[in-house]
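This report concerns only the one structure given below.
Letters A, B and C mark the chains as written, and numbering starts fresh at 1 in each.
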Amino acid sequence: MDTIFDMLFIGLLRGGLYALMASGLTLVLGVMNISNFAHGELYMVGGYAAYFAGSVFGLHPLLAILVGALAASATGVLVERTAFRALRTMSRDKWLTNSFLLTVGISFILQYSAFVIWGPTYKGVPSYWEGFIPLTPTFRLPLDRAFAFVAAVVGVSALWFFLTKTVTGKAIRSVSEDETGAMLVGINIRKMHTLTFALSCLLAGLAGASLLPIAPAHPFVGLGPLFKSYFVVILAGFGNVMGSVVGAFVIGLLETITYYNLGAGWQNVASLIVIMLVLLLKPAGLFGSE
Amino acid sequence: MSNSERKSINPLMMSVMIRLRSVGLSPPTLSFFVILAILPLFIRSEYTLRLLVVGLLLGSQAMAFSFTLSSIDIINFGFAAFCGVGAYTSALLAINLGISPWIGFIAGAIVAAVLGLGVGVLTLRLRGLFAACMAWFLGLTLQSLAAVLVDLTRGYLGLPVPFLLDVASSRPYYYIILPIAILTYVVLQGLDQSNIGLACRAIGQNTEAAKASGVNPTKYKVINFTVSCALAGVLGVFHAHFVGVLTPEIMATTHTTEVLALAYIGGRTSLWGGLLAALVIIPVFEYLRSIVMEVRFIIYGLLLISVMIFYPEGLTGLVRAAGRLAVKLIGKWRQGTGAQK
Amino acid sequence: MLEITNVNAAYGHLQVLWDVSMTVPEGGFIALIGPNGAGKTTTLNTIAGLIRPSSGEIELMDVPLAGLPAYEVSQMGVSLVPQDLNLFAGMSVIDNLILGAYANRRDKQKVSQSLDFVFDLFPVLADRKKQLAGTLSGGERKMLALGRGLMAEPKVLLVDEPSLGLAPLLVKAVFEALQELNRRGITILLVEQNVRATLQMAQYGYVLEQGHIVLQGNSSDLLEGTHVREAYLGV
C-alpha cells in the first residue's frame, strides 16, 4: 500500500516536471514549426543561473528560481532573434529539417560552452528548503520536491490560462492554426514567434532551476529532460499543449512503476515500447488529430 | 577537349570512363580516391593513420546518412543505433559462435537492413518528423537494452570484440576501410543516378507531384532508408572489430549528431562532402586536443550553424568553387602560352 | 479612399499583374470580375500585403500601403476575407471573431460592439459561439470569415469569391449581407465569378483578363455592354 503511494507521488512529481518541459516544446513546434533539439539546454541554463544566483550571490531560493527561468528565457530570445531569424531570411524551404539542424548546432554550442567555462563538475545546492512533509506514515515528501511540483503546476496552469483566456495567448494559438489568417487579422507573426519561444524557454528554465537541489547543474543535465520531453510530445501529438500535459503524467507514472518493478535501466525501455506501440496504432499521438 | 585530342583517346578508354562516371567516379573523384589510396605510403605516424581510419569510418557513415537526408529529406535520427546493431550482431556472433568477422559484415548488414526496413515500412508513409522521432526512439530503446542486458553485452563495462586482423598497426585497417568507403560511395552514387535516385529526389522536392507522376513515395523512401541502414550496419561491424571494445555508446544520440554534423558541413549537394569533411575535421580536432577537447563540439556547432545559414553548400561548395577557379586559371595560362606560339 | 495605381506583381519571375489601376471610393461597392486565373485573387492579396508589388502604388486615404507587411495593412483598416477563408479551425467561433478585432484588442468596448454587430448580421454564429470553427458547415464558415473580417471595423473590406462552393440559397444570404454592409457604410471591393449578381450589387466594376484591366465602368453600362455580355453572360 505504501509503495503505491510512493509510486503515485513520485510519478506525479516526475509528471509535473515533464509537463513543464513538454508543453513548451510542443508549443514551439506547433506555432513556429521548429523541433527544438536544444530544449534541454534551456533547462541547463536555468539550473546554472539558479545555482549562481542562489549559491554564489546568495539570493533567496524563490528569487534564484526566478532568475533561472528568466535567464533561460533571455537565452531563448537571443537565439530566436539571431539564429532563427537569420535562417528564415536565408531559406524558407525544408524549414522543419533546417531549423532542427540549427537547434542541434545550438545544443552543441551551449553544452560544450558550459563544459569549457565551468567544467564537468556538478554545480548544485544541497537544498532550497530543508524539511519534509509527512504525507503517509512511511512517505515523507522533501520540501524541495514539493516546491518543484508546485512550480510545475503553477507554470503549466499559467500557460494554460495565458493561452486560453488572454488575447495574446489566443493570437499565439492562431499562428499555429493558420499563419496567413493570423497575418490578415493584424497579428505580427515575428513578435508572436519571439514571445512563444521566450515562453517555452521560460518554462524549461523554471524546471531546471526548481530542480537544482535534486538534479545539480552540469553541461549535460539537459539531455534527460530533452529526451523525456520528446517522448511526451510524440506520445501526445505534435503541437497539442494540453495533451502533452496529460501525456507527461502518463509517462511520469509509467516510468515510476517500471522503476519500482524492474529497476532503473528499464525505465526508458518501457516508456519507449509503450510509446512506439501507441504510435503504430495511432500515429497522430494520443490526442493528435491528423 | 578539342576534336584532335578526342580522337587520340581510344574507344575502350572512353567506355570505361563513361562506366565509371555512371557510378560517380568522374576524374576528380577518382583522383581523390587514388590520393587516399597512396596517402599512407607517406605517413609514418601510427597515430595519424589511426585518425585517418576513424575519419574514413565516420566519413562513410556521413555519406550513408547524407543519402537519406539529401534525397528524401528524412533525418535518420537513430542512425547510430543501426551501426550499433550491426556491431553487436557481428561481435556477439564472433564471441558466442566463433563466426568470423568477415561473415559478420554480412550478418550485421542484414540485421541492420531488416531493422531499417521495418522502421521504414512502419513510419515513412507519415510525416518526416514522425519517422525521425521513431527511428530515434528505437535507437534509444536499443541503447538502453544493450546497457541493461548486461549478461549478453556486458553493458557499459564493454564487450571485448575479436579484432578483424591480428596486427598491431592501423595501416592494414586503412586498406580495409578505404575500399569499404569507396564501395559505399559507389553504391550510393550509383543508386542516386539510377531511376531509384531520380524517384527519391522527386519525392524529396515535391511529394504530390511525384505521386502524380506515378511514383509510389513510400516504396522509394523505404528503399533509400533500408540501404542507408544496411551500410550503417556494415560500418558498425568495422567499428567493433577495429576498436576491439563495444559499449552501448556506439548507439548514443551524440554519435548520430556527430555524423549529422559531418554530413551537413560536408555539404548537401554532394555525396562525397561528408567523407571529405570527416577526413579534414577529425585529424584537425585531434590536434586541437592540446587546447581543450570539448571545444571540438563547439566548433561543430558553429560550423553547422554557419553552413545552415550562410553557406548551405558546405565544404562541397568550397571545393567546387576552388575547382572552377583552377580550371579558369589553367585556361588562362594555356591561352597565354598558346598566344605566344 | 483606396487608390491602386499601375500595380505590377509577380510570383518569382512569372508576372501576373500588369499595370493594374483601380479606384475604390469611400462607401462604394466595387466589383472585380474576370475569368479564372486572371489574377483577381492576386490583386486582392497584393492590396492586403500578402504579396509585394514589384512596382506601382497602393494608397489608403493617401497613406501608402504598397510593400507593407500584411499585418500592418490589416491594422491600417484594410480587411481581406480570402477565398480559402483561413479560419482558425481548432478555435471556437467566438475566439475567431475576437481575434478578428486584434487590432482593436485594447478597446474592450469596441470589440464588444463589433461582436454584437456581427451576431446581429449573422445570428447563426451567435448560436454556435463555442463551437470549433472547423466543425461548422460551409455556409457558416463563410459567414464566420466575413464576420471576422468585419470585427476590426475596417475602412475597406476585400472579399474574394464568397459564393464559391455555396448552395444558391446561401449565396443569396451572403450577397444580401454584403449589400446590407454597404448600406451601413462599409466600403467593399468584391471579387466574384457570379458576374450578373455582382454587377447588380456593385456600382462600378473592373474587368481583369490575364492580369490586365481590359474594361471598367458603371456596372449598369458593363452589364449592357457587349464584352461582358458575350464573354461572361453567354449572350
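Simple rule for what comes next: a contact is a pair of C-beta atoms (placed from the backbone, for glycine too) under 8 Å apart; a residue touches a chain by one contact, two chains touch by 3 or more.
This one's a predicted model, so the numbers in the text were calculated from it and none came from an experiment.
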Pair joined by more contacting C-beta pairs (A-B or A-C): A-B
Chain separated most widely from chain A, comparing mean CA positions: C
Centre-to-centre distance between chain C and chain B (centres being mean Cα positions), rounded to whole Å: 54
Interchain centroid distance [CA atoms averaged], chain A/chain B, Å: 34
Gap in Å, rounded to a whole number, between the CA centres of chain C and chain A: 42
Chain A-facing residues of chain B, complex: 69, 73, 75, 122, 126, 128-130, 133-134, 136-138, 140-141, 144-145, 147-148, 253, 257, 260-261, 264, 292, 294-298, 300-305, 308-310, 312
Sites on chain A touched by chain B in the complex: 35, 83, 86-87, 90-91, 94, 96-98, 100-102, 104-109, 111-113, 115-116, 223, 227, 230-231, 234, 238, 265-266, 268-269, 272-273, 275-276, 279-280, 283
Chain A contact footprint on chain C (complex, rising order): 48-50, 69-72, 74-75, 79-80, 82, 84-91, 95, 98-103, 105, 148-149, 151-152
Touching residues on chain A, where the partner in the complex is chain C: 167, 170-171, 173-174, 177-178, 180-189
